[in-house]
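In order of appearance the chains are A, B, C and D, and numbering begins at 1 in each one.
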Amino acid sequence: MLESYVPILIFVLIVLGLVGALVTLSFVLGPSKLYKRKLAPYESGIIPDTPAFRRLSVRFYLTAMLFIIFDVEAVFFYPWAVLLRQLKWFGLIEMLVFIGILVIALAHIWRKGGLDWE
Amino acid sequence: MGQNFLTTTLGKLVGWGRGNSVWPAQFGLACCAIEMIATATAGVDIARFGSEAFRASPRQSDLMIVSGRVSQKMAPILRTIYDQMPEPKWVISMGACASTGGVFNNYALLQGVDKIVPVDVYIPGCPPRPEDLLNALMILQERIKAQGIMPRQ
Amino acid sequence: MADRSGQSVTDTIGQGVTINKSGETGAFGGEILTVNFGPHHPSTHGVLRLIVDLDGEQVRSLKPVIGYLHTGIEKQMEALRWQQGVVVTDRHDYLSPPINNLAYALAVERLLGVEVPPRAQALRVIMSELTRLASHLVWMGTSGLELGAMSMLMYCFRERDTIMDLNEEISGFRMHTSYIRPGGVFADATPRFLEMLDRFVNTMPSNIDEYEALLTNNPIWRSRTIGVGRLSADDAKVLGATGPMLRGSGVAWDLRKAIPYTGYESYDFEIATSDLCDCYGRYLVRIKEMRQAVKILRQALDRLPDGPVNIDDRKVLPPPREELETSMEAVIHHFKLFTEGYSVPPGDVYVAVESGRGENGCYIVSDGTHKPRRVKFRSASFVNLQALERMALNHMVADMIAIIGTADAVLGDCDR
Amino acid sequence: MIPETLIVERGVSGGDQWVTVGPADVHDALAALRDEGYRLLVFLTCVDHLVDSSRKWPARYEVVYQLRNMDTLEQLRVRAFVDGDPPRIDSVSDLFPPANWDERETYDLFGVVFNGHPELTRILMPDDWVGHPLRRDYPVGGEVVEFSEEHEAWQTAPDKA
């Protein structure tokens, strides 16, 4: 049963090997002199004196959350799309119900004004 | 470090890798910057030498082309940018103004950028032709390949 | 979307525009973040530094800091003789060198009271229009690149290289031609130059159509520039903006028509204006200006008068080489010119010329010695940059990039 | 035009009309000119007449305002002769917004103090720069160039006379 997974195993090994080699080689061969001026934050050549972290307004957080919700929803389409033939009508109806729920949520957010920027 | 297998062939490999992918930091100051942009366009293509990616931030670049005249107000900023570039890094001083203050021998200009940063290749001309910049890049690539893993003298 | 129009100027002349200071709470609860849009930045068209107070994404206040390319050109010219100063005038507005030479040459000629022959005037018009085209091409290439139109750089710099070849053919130098000198021009146009110029003028309109095809109806370009950086007509006048910044707000003011110089009154061309008052309007103005420049080049090429290209005043210009073997006066003139130089009668004069950015002028004060007492370059970018804050108010940070691009400030010209 | 009382001298030079005005009433003269139609201040600068034998100069520093009437295309140059260790003159940045930076540059390079300017700081030179470079007694600087006898005379400082 496990044989069908061997190609994936080889693929993962090659990836890990390559990435590992690149990282360690560049770490070993690359000279690295760390000193204060090099580690100072880069702000177009000026060493900044104003603090970089400021409280941001809540809109950014709201937009981020909306994105995550609808992005995760999109992830569920992939397995469904692959198996559409086998699932026949049942899969279609199930997915329509799933989309319907999210469309209601989207309409609610739209009406409450969560999408426009001001 | 003696000249054993590690430093020669590996040095050649590392030198070949570094030499052919020198990423310049976008340090356009004055007229030479326009010729530097002209070098990056299709007419005289710098992409053939692997240096097409003009990085905006010094963190991702290993070559600083000082193209233009460095005023006294800009000198500390140029030094900061040079400091913030990771090793191994090289400097090409493009044009007479960057190399020696050029036409302007007065109070306002730094008479030569090698007063504040170690320079590898100087390019004469005001502004030098795009082909001169490519020539300087080729000279620099030879030097990088010869340098291999050794720290820069 | 945020109100895209900058604050009108007439009600707040003189007062600072800063609304919020760093650290205060912004309009939507977040704090104001002071960001350094510093000298080393890919999209500031040179070493311009902007201290920007940001409320989230919106610009609350913007303070340009210049001087990072100050080259002391005006002090340098006080230490150089009259004919040596030409070399330095090339380098302060490095996108339109012949136009700077023209301002200096016209000022010195007006002080000397000489007039250059008509062929030299036509060659001066040809070189000015060529460099205006090159300057707009560099602007369009880099501004397109900043707003995402990467291919604009390749298209525009292809034509710019043709112009550089033309420059090299006539003056031996690609960018800083030092071609226009007090008393005439460097050398006569060679037949090969005229033929190359003819080919260039025939192909250029189709190239401009290519640029328009790429940008003018490009939805991304339009959404990034329409309504961005609004500068109303009376704001532009009050702020003293000149060039495409002024003509983009509908004011038909072009120095070549208003105060003609070097024979511009004998060419017919329209003033390129657009009353959209925003970045898109200024883009259209520059495209029209390029078409008018090609029209002028065509007329100048067809009606190029023949005759000498320099005034024959031996006090100002050296005699031709072959005369040095025969006539003693030529040797004396040659010796005096290249040891002490000529002196200009005392007085002061201001000559304004229309460069790609606006009004570039040269104010010269002469005290009768062989070195100028004071040379002041009126720089268009220096004044246009002051309008940046008015245009960028309440805009998004990304729009500020388009606004810096549309000001087309060349920092060498601004800092001198 | 400007009320006659303010005008000290009048003339034509290099094709432009010019008018000399006392340093105290520059602001009123320019206000009168602006209302009359000279809306564009083309530029504002200073000329240092140290050891200048070409003419009898009333004072060392000459602040020059070039004005232009956009409708009638007339240009007028207003001069004001100022003296004093930091020469002082009234600021016109409230009449002409472009004068803001011009005055900062003139202060930066010549040391002319403009009273009433919102933010008179250096604009071109580094903030900690000492001295005002465009004054005639400020050496051109730069490095000594060997074998160029010109270099001693490179300074535009007055001769040792």
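As a working rule, a contact is a pair of C-beta atoms (placed from the backbone, for glycine too) under 8 Å apart; a residue touches a chain by one contact, two chains touch by 3 or more.
Being a predicted model, the structure only gives us computed values, none of them experimental.
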{"item": "Furthest chain, CA centroid comparison against chain B", "value": "D"}
{"item": "Pair with more cross-chain C-beta pairs in contact, given C-D and B-D", "value": "C-D"}
{"item": "CA centroid of chain C to CA centroid of chain D, Å", "value": "24"}
{"item": "Gap in Å, rounded to a whole number, between the CA centres of chain D and chain A", "value": "60"}
{"item": "Whole-Å gap separating chain B and chain D, where each centre is the average of the chain's CA atoms", "value": "41"}
{"item": "Euclidean distance of C-alpha centroids - chain A vs chain C, Å", "value": "46"}
{"item": "Multi-partner residues of chain D (each touching 2 or more other chains)", "value": "124-126, 133, 138, 140-141, 154"}
{"item": "Multi-partner residues of chain C (each touching 2 or more other chains)", "value": "38-41, 67, 70, 72, 75-76, 79, 415"}
{"item": "Contacts with two or more other chains, residues of chain A listed in rising order", "value": "45-46"}
{"item": "Topology of the chain contact graph, where touching chains are joined (line, ring, star, complete, other)", "value": "other"}
{"item": "Residue ranges of chain C touching chain B (in the complex, touch as defined)", "value": "38-42, 46-47, 67-73, 75-76, 79, 87-88, 91, 94-95, 138, 141-142, 153-154, 157-158, 160-161, 164, 174-176, 411-412, 415"}
{"item": "Chain D contact footprint on chain C (complex, rising order)", "value": "9, 13-16, 66-67, 70, 72, 74-76, 78-79, 107, 110-111, 237-240, 253, 258-259, 346-350, 352, 359, 361, 363, 365-368, 371, 373-374, 376, 378, 382-383, 385-386, 415-416"}
{"item": "Sites on chain C touched by chain A in the complex", "value": "1-2, 22-23, 26, 28-41, 49, 55-56"}
{"item": "Chain B partner contacts - residues on chain D that touch it in the complex", "value": "124-126, 129, 133, 138-143, 145, 154"}
{"item": "Footprint of chain D on chain B - complex, ascending", "value": "72-73, 101, 104-109, 111"}
